[in-house]
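Chain lettering (A, B, C and D) follows the sequence in which the chains are written, and residue indices restart at 1 in each chain.
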Amino acid sequence: MKATEITILEEVELENPIFIEALPGVGHVGKLVADHMIDELDATKFAEIYSPTFPPQVLVGEDGMIENMINELYYIRDLGEENQDIIIIGGNTQSLSPDGQYIVCSEILEFLEPFNISRIFTLGGVPTGQPIENPRVLGAASDEAHIELLKEVGVEMRSNDGGIVGASGLFLGLGMRKGIYGACLMGETPGYFIDAESAEGVLLKLAELLNFEINTEKLDERAEQTREMLAKAQQMEQDLINRANAGNADDLRYIG
Amino acid sequence: MKATEITILEEVELENPIFIEALPGVGHVGKLVADHMIDELDATKFAEIYSPTFPPQVLVGEDGMIENMINELYYIRDLGEENQDIIIIGGNTQSLSPDGQYIVCSEILEFLEPFNISRIFTLGGVPTGQPIENPRVLGAASDEAHIELLKEVGVEMRSNDGGIVGASGLFLGLGMRKGIYGACLMGETPGYFIDAESAEGVLLKLAELLNFEINTEKLDERAEQTREMLAKAQQMEQDLINRANAGNADDLRYIG
Amino acid sequence: MKATEITILEEVELENPIFIEALPGVGHVGKLVADHMIDELDATKFAEIYSPTFPPQVLVGEDGMIENMINELYYIRDLGEENQDIIIIGGNTQSLSPDGQYIVCSEILEFLEPFNISRIFTLGGVPTGQPIENPRVLGAASDEAHIELLKEVGVEMRSNDGGIVGASGLFLGLGMRKGIYGACLMGETPGYFIDAESAEGVLLKLAELLNFEINTEKLDERAEQTREMLAKAQQMEQDLINRANAGNADDLRYIG
Amino acid sequence: MKATEITILEEVELENPIFIEALPGVGHVGKLVADHMIDELDATKFAEIYSPTFPPQVLVGEDGMIENMINELYYIRDLGEENQDIIIIGGNTQSLSPDGQYIVCSEILEFLEPFNISRIFTLGGVPTGQPIENPRVLGAASDEAHIELLKEVGVEMRSNDGGIVGASGLFLGLGMRKGIYGACLMGETPGYFIDAESAEGVLLKLAELLNFEINTEKLDERAEQTREMLAKAQQMEQDLINRANAGNADDLRYIG
């Protein structure tokens, strides 16, 4: 069993596509954006990626149906005003092990080499750890040109501010070493629920950057649900504080 | 030392066998079922599986005798009304590492390829975390046909309900990718003792699905012991709560 | 860099040697026995073993001198009344990773294959978790013959009693698969200091089993130090309880 | 993707260079020394080292610019009164996994073999766990000659004092096995902030040992900042104690 098994569903030719990473991560921000783009923009799946570095499990979906842990490659042709070809990587997981992260991202970039990727955008969330109003979209980039592009659309740059962990960081870092540059868009999110509001912010900045239009109504629906969850989360947070202050050791059983 | 070392004890030919996974897991539900089937249905061991991904230890059994960590393959010919050939995988362990899980399950399926497995059933427990009366048998499946089969025998489907971790999940997931479909039967169990009652529930559903008869008397004996353990567990649970409420930090030494 | 690098210091021929494992573990019981045997019985080092699976560090010994993490093979010729050749494996570490444990033990057994090892004894400690008077020597074995041998010299067998983790377990388990049998001697020890008293018990049982004489005076000296440490440990234990009962959260900072 | 990818930026010949390891570690002491030497002594970068065993992330630096996790090799020609050639390894990370540490250090030493390294110095911090006045520089060495050298410049030897973990230990240990000897200089540091004062102590001892002069003014500036951070750390420490003594379980939420 190799580190990455890639099943090609359709042989496809694309013109200098932009590569967009949107795998699950903090607040599922990237994944929400990917799922929405794939639905709304009629993306076509052309490859499936499996790896023994993914979590050793299957998921139980609708009505008891089992799903493998998977990454998937989609393409969109002629997106937006610039008729830009796009490749999106989505899925339900990332590698569990640190070296697995490097190896899988590296092998995916190798697989994509014949497509002559022009730029890389990676999408994710940046955890605030607590409920947040008006989440910002923060950015980082692997060259000056992309830093300028982000600033032009009002993305605030992170500065000397820790790391970008996982696929969102590695695709940019490994890309740099191959001479492919790009940026990471990160929506602020509390981090402990699926955050459609943060995802909408990221999606709209991406649409502005790549000059395409997209209906965010369904994301708005999900954002509404998110806001309700947010209210619940704040309540839960308060409950936790109340119980912790109740002054007995009862809660200790929930540690670890 | 390879990832999986398979020692063949008997060269055997079987007719489109059903593959049943019943390795140790939550509440040892699957393992109890396998041990009981192997005993009652006179299964024959035909291969032993070792792996450096198993826990790095031996077990001390009866009277100080040492046992290796092992998975074992058994066969049963002409089971039940449909004269169905069966392969059971049992043993005392599963891989310790996530990628070890994938690699061992994958290499076992490769080893079994010449047998032309027709279907896969995996057996396990689903943890409730607390004592439970009348544990249900829950299910999940890798195609619609098996979902229907499970429903016909009254198995309740899990829905959008997390993952199935370890061999019970991976054999189904890896099987799907080879075009071999099947289902997982999971007995509800508190999860913190060996649960024969939960195992009996799973075994009876499996017998109904595969149309064979099996004496569960010995399992009933074990179930009786289980119920006594259950009573003790409830007592222990209560003790823990009482001590935690006693209002001093004495219990802290037991964390971690 | 291979999983195990073995540097041969002396090409040596031995007659069906007994292999004794005495690497560091619980209470350093096995290591103390090995160090003492190597000193008292003039064992000769003939091979050094390095592995990237050992902890990634060096030790600082006497006067700031650096020592590599290492396993070492020694031989003793014509030990005791039966003129038995012996190979001892000692050192300052074991593999850190589970699969490293399997691979290193397996590669060492392969390296030893030309010696035609007759039997394997592994030495270690079994943790009691609290101070203990009159520590027993417990045993386990990989065949009936060795179980009988142990019982003859008054070693109490462990029964259905968990596992033997690490090299002490794996050499016996991997040996079984090659048709080489033996036993594990485990001295009871609190587990949280270097326990010479427990080591003396194990050493004397081994000497009785292999029919050789050994001066344990220096071990007695160390045992005396051990008993003083034991007194301190009991004091520390009491201190911990007192502080925990003091009723404030001060100790929480020491968790994890 | 190999365990270590080394990109050569400049083919360079050096005369029996001394190899200095100064990767990030406790208190970033080694890294501060390396960064300062590289700046002040006009070191030239000649190779970049990447590894999938590094943390799976990128760093966000000035103004949102992304940096890969990297080790870097620099050279300095004709340093000090003895016109000594030097190779320094610096960077922003070390391997995350234990065997990664061994493999990367081992492959770097192999890469450096053609340079005929004469001696190895590794630089790091030794954690005191609490604020410390007048931090000492402690030492350890892989042969007697270097122990004497360290003592001559007033470095206090560590003795029977645990291990040196990571690259600072492994380069010396792996070097020993190739017949290349050297020493480790460790500055005492609380361990929980970037400690320029500790770094200055280490740098001055190294300069004395290798007979070169270096302006430490900029390090002094950083040391000043460090002392301010030290004051803050002591305040934080006191705050933690006060909160822990406040007698309720509120702080429990911060465990883990």
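In the analysis below, contacts are C-beta pairs under 8 Å (C-beta built on N, C-alpha and C of every residue); 3 or more make two chains touch, one makes a residue touch a chain.
None of these values were measured; they are calculated from a predicted model.
S.K.: Which is it for copies subunit C and subunit D: same residues on both faces, with over half shared, or different residues?
M.R.: different
S.K.: Rounded to a multiple of 5, how large is the rotation, in degrees, that superposes the C-alpha trace of subunit A on subunit D?
M.R.: Value: 90 degrees, nearest 5.
S.K.: Measuring between mean CA coordinates, which chain is farthest from subunit D?
M.R.: Using the mean of the C-alpha atoms as each chain's centre, the farthest one from subunit D is B.
S.K.: For subunit B and subunit C, what's the span in angstrom between their mean Cα positions?
M.R.: The answer is 35 Å.
S.K.: Just give me the whole-number Å value for how far the CA centre of subunit B lies from that of subunit D.
M.R.: The computed centroid separation for subunit B versus subunit D comes out at 50 Å.
S.K.: Listing for subunit D: what residues touch at least two other chains?
M.R.: 248-249, 252, 255-256
S.K.: Please categorise the chain-chain contact pattern as a line, ring, star, complete graph or other.
M.R.: Shape = ring; chains linked end to end, path closes on itself.
S.K.: Which of the chains touch, listed as pairs?
M.R.: After working through each pair, the chains in contact turn out to be A-B, A-D, B-C, C-D.
S.K.: Going by the contact rule at the top, pick out the subunit C residues touching subunit B in the complex.
M.R.: Touching subunit B: residues 95, 98-99, 101-103, 106-107, 139-142, 144, 147, 150, 157-166, 169-170, 172-173, 176-177, 184, 240-241, 244-249, 251-252, 255-256 of subunit C.
S.K.: So in the complex, the part of subunit C that touches subunit D is made up of which residues?
M.R.: 1, 50, 52-66, 68-69, 96-97, 100, 248-250, 252-253, 255-256
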